[in-house]
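All remarks here apply to the structure that follows.
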Amino acid sequence: MTQRHYVLTVICPDRTGIVAELSGFFADRGGWVDEADFFTDDASGKFFARLSIRAGDLDFEQIRAEFAEFAPDTADWKLWDTAHRRKAVILVTKEGHCLHDLLGRVGQRDYPMDVACVIGNHEDLRPMAEAHGLAYHYVPFPKDAVGKRKAFDEVAEIVDDHDPDAIVLAKFMQILPPDLCEKWAGKAINIHHSFLPSFMGARPYNQAYTRGVKLIGATCHFATTDLDDGPIIEQDVIRVTHKDSPEDLKRIGRDAETTVLARGLRWHLEDRVLVYGNRTVIFN
Amino acid sequence: MTQRHYVLTVICPDRTGIVAELSGFFADRGGWVDEADFFTDDASGKFFARLSIRAGDLDFEQIRAEFAEFAPDTADWKLWDTAHRRKAVILVTKEGHCLHDLLGRVGQRDYPMDVACVIGNHEDLRPMAEAHGLAYHYVPFPKDAVGKRKAFDEVAEIVDDHDPDAIVLAKFMQILPPDLCEKWAGKAINIHHSFLPSFMGARPYNQAYTRGVKLIGATCHFATTDLDDGPIIEQDVIRVTHKDSPEDLKRIGRDAETTVLARGLRWHLEDRVLVYGNRTVIFN
Amino acid sequence: MTQRHYVLTVICPDRTGIVAELSGFFADRGGWVDEADFFTDDASGKFFARLSIRAGDLDFEQIRAEFAEFAPDTADWKLWDTAHRRKAVILVTKEGHCLHDLLGRVGQRDYPMDVACVIGNHEDLRPMAEAHGLAYHYVPFPKDAVGKRKAFDEVAEIVDDHDPDAIVLAKFMQILPPDLCEKWAGKAINIHHSFLPSFMGARPYNQAYTRGVKLIGATCHFATTDLDDGPIIEQDVIRVTHKDSPEDLKRIGRDAETTVLARGLRWHLEDRVLVYGNRTVIFN
Amino acid sequence: MTQRHYVLTVICPDRTGIVAELSGFFADRGGWVDEADFFTDDASGKFFARLSIRAGDLDFEQIRAEFAEFAPDTADWKLWDTAHRRKAVILVTKEGHCLHDLLGRVGQRDYPMDVACVIGNHEDLRPMAEAHGLAYHYVPFPKDAVGKRKAFDEVAEIVDDHDPDAIVLAKFMQILPPDLCEKWAGKAINIHHSFLPSFMGARPYNQAYTRGVKLIGATCHFATTDLDDGPIIEQDVIRVTHKDSPEDLKRIGRDAETTVLARGLRWHLEDRVLVYGNRTVIFN
């Protein structure tokens, strides 16, 4: 997506004529739609749309102002100018495979984001971040509730300073408190090391080994106050056998975690993920 | 898709406003769009659309007549009334797994087609067809060119009598002559027992064994005069190992053939497959 | 496996020299091993083996008698003469896709079993069984406990009359009572319509829809008294999207159920599945 | 595989008793086998084995000397002491995703190799290598035959200085001359950006786009004088759609290249890959 585009996403009650109205809005302004995705959820009666319009001579602020006039009050919508590159803050603990993979993608310039900084509750991954020229903030997390809360406040301050489009929990082994889940709703993206809803809770690979499953997986989801229960963006699995120990499952599973997070995060950054309740619409 | 719908598919040159016009056409008539897919191919400048509209009170013939007025001459379009169930003729030789699978799906009423009849150039699969209450036409294929041509004429006559939406080559081991490829263009669907373009020509599983590949596959494609080279509708692969003999590959591959044909044919029957040149757009 | 083989499976405590002893036993008798699989489970210290020996001139009963002498008391072993074809009884309710698929495979003679009979607690699938020349036993299941128990006794009597190698629960929607689970331990094979341990209990596709997963799956497992919790033989998944309704998930999932059962059952019939605790070793 | 093991691999003509003899050899010396894989190729009459023995008190050199006595002349065998860590030289051009991924795995200490150095025919990836503390040798490749030959001689000198277990062509866009293919036979591992044998030759992603395939893939294989035709170690595929441009295919394909190379190379480093003719046995 090298060309500049304006990307509109809309969620609103479904009714007759809505596809025509949305596309008509841009047609009336000479806008060239080169991606248009629509979905109606029969169960909820909700309508979802994503339109990607070539920027051309159109003025972004004017289009946005006009669409704000045009859109009904019932619509939940966003308009994104792709010239405004997406910005992420990445939170880590000790395991570096997801961070390493994301930084590699960013470094190759084939990933639609800039990384504002990396925050870790251990020092282990500082060299990895700094090797990519990124600021690394070490925020230690004490075990006690008060200390942990202060640590989260410090993290939040750093995050909010950057006003990021994505807060990526790239194997960040601390549970976000409810107020941060709420503040960062639809932006905090977690990679969970199981094929949810299997093996919620601690040590999913050990659970998977004990249960004797033949496939293990990973799940990229929005962080919510219901731990492990946020809207799922992407999942995938890898085949394993009786030969694989819990340690093998961890190693094998890292490949699933890495690719699932990279895919899910890309879609989020490109505004391809629309959330309603506990479900997601993925326009990819 | 139990509710009655009208399904429009369009291929035409891309230009500004076309999504709005198409959706506006139905909005103006009170049509409720519940699936809308669009695609622009930058390389060719072609635009592709599929819209599914709830039939409601709309009169099909009137809508069709009005759309014929409305559509520009450059558009290649079709409008399908889902109340008009899709009809297929299935051609077979000796291997029955694809036929068996398709008849099972039809029998369970979860597949959007009726089978007009089965035609075989051997008698082997007559009992299978007849067990499902279907007429079976045995048309033997001699080895000589004249005899073969006469056999094809006989097949064509039976097929054309039914005016089917799909001519399914379900492991039919005879190569369609060019005139039939042309006559049945976009309707004759073949299942090829390899992951095309690998292993074109005879005995693909033996070729796959010799080459030592780690995955084997199957390809569902439209039959064209360029053998094994028609537009691909669907493909899939299955993992194999050094333990698998050519016979094992054949057996394992049958599962890929069966599911790939079932998926590809379903999309064709639901007008989700749009062809341009040697490529397909799949709105699924 | 057209050639006649003797297949030995062994589970015993691991110790030095055991691979040599097992293979030496056959070498001493001029036995040609053409498949040999071994596995040591470090956690339990258990050793697992499967050897496939060309029958050649070896006398089966003599080999079996000699191996009984040879094998230590701590070994749990079986010796199977592949000339003794495997026999299955299939239990069904109303959904026919798994039955249809298995009967197709048997009919094509590429599946290593004979079907002794089909038992159904509804009449729906009688025609399918009878079209394949199979006896169909209708055993209605009343809702009350006493009636249900009598029905199970009737089923058990029919099953046990055939002394089958596999009791296949091919979408049989009744829960086996504990005594039958125990009597048929290691022989009763169920296909569960979810990627266990996700979505245990009723209506897994509806649960999957509600949770918004991006892959649905199926699980082939041995039936045990812990419902949905028996040793897993095989699993697989299929990708779904936000477009798929619960009904779509059911339809799509049937393909996973069918192939997973067919694969898992084949391995069981070929003595490739060794169970310990709640885990399986699959020598495939 | 943290414990020290001795790993034996053998290829020899198949005959009665060979599994017993091999395992007997170690049993006689008190060797504890904890992985044992055997395979007989019926077509060629060849026998393949891999045994992993706990080192314990066994002396490696003595075992090797005794096995050399024991092994028949017809056997092609190797014995590896896992305490001797595997060493690789990595060759690159400009694309860094495979190098980046491998260095990440090595850095996480979950990959069984040390990297001796990285050689590149461009300077682009020097920073990536040096960030991981690795020597980077820049060897420019002129277009003329004489200059190219001299460049290859320089590369060969660097490689051979390290006597590596693997020469990894990690998107190295130069074709090895026949003498190097021969010298490095069974050690030079290439990642090819297509699902071979599809799309041999230049620009496979463009070929894939033109052909309209629905899955793209990557192939890890030994480099041989028959370009793109060496023994295949591992392959995998990723689903693509009509929406994906050739550029998209390249980007998506990089994920397949990365994981396929990482898997295939791991198996090679663990002596799990046995080659015969153009096929491989993978004991994984």
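Order of writing sets the chain letters: A, B, C and D. Residues in each chain are counted from 1.
Heads up, the rule we're going with is that a contact is a pair of C-beta atoms (placed from the backbone, for glycine too) under 8 Å apart; a residue touches a chain by one contact, two chains touch by 3 or more.
Just so you know, these numbers come straight off a predicted model, no measurement behind them.
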item	value
Same or different contact residues where chain C meets its copy chain A, judged by the half mark	same
Chain whose average C-alpha position is farthest from chain B's own	D
Chain pair with the higher count of C-beta pairs in contact (A-D, C-D)	C-D
Mean-CA-position distance for chain D and chain A (Å)	35
CA centroid of chain A to CA centroid of chain C, Å	41
Shared-contact residues (touching 2 or more other chains) in chain B	42
Complex contact set, residues of chain A against chain D	96-97, 100-101, 104, 107-108, 110, 131, 251, 254-255, 259, 262
Interfacial residue positions of chain C with respect to chain A in the complex	39, 41-43, 195-199, 210-215, 217, 231-237, 241-243, 245, 278-282
Residue ranges of chain D in contact with chain C within the complex	16-17, 19-21, 23-24, 26-28, 30-38, 40, 42
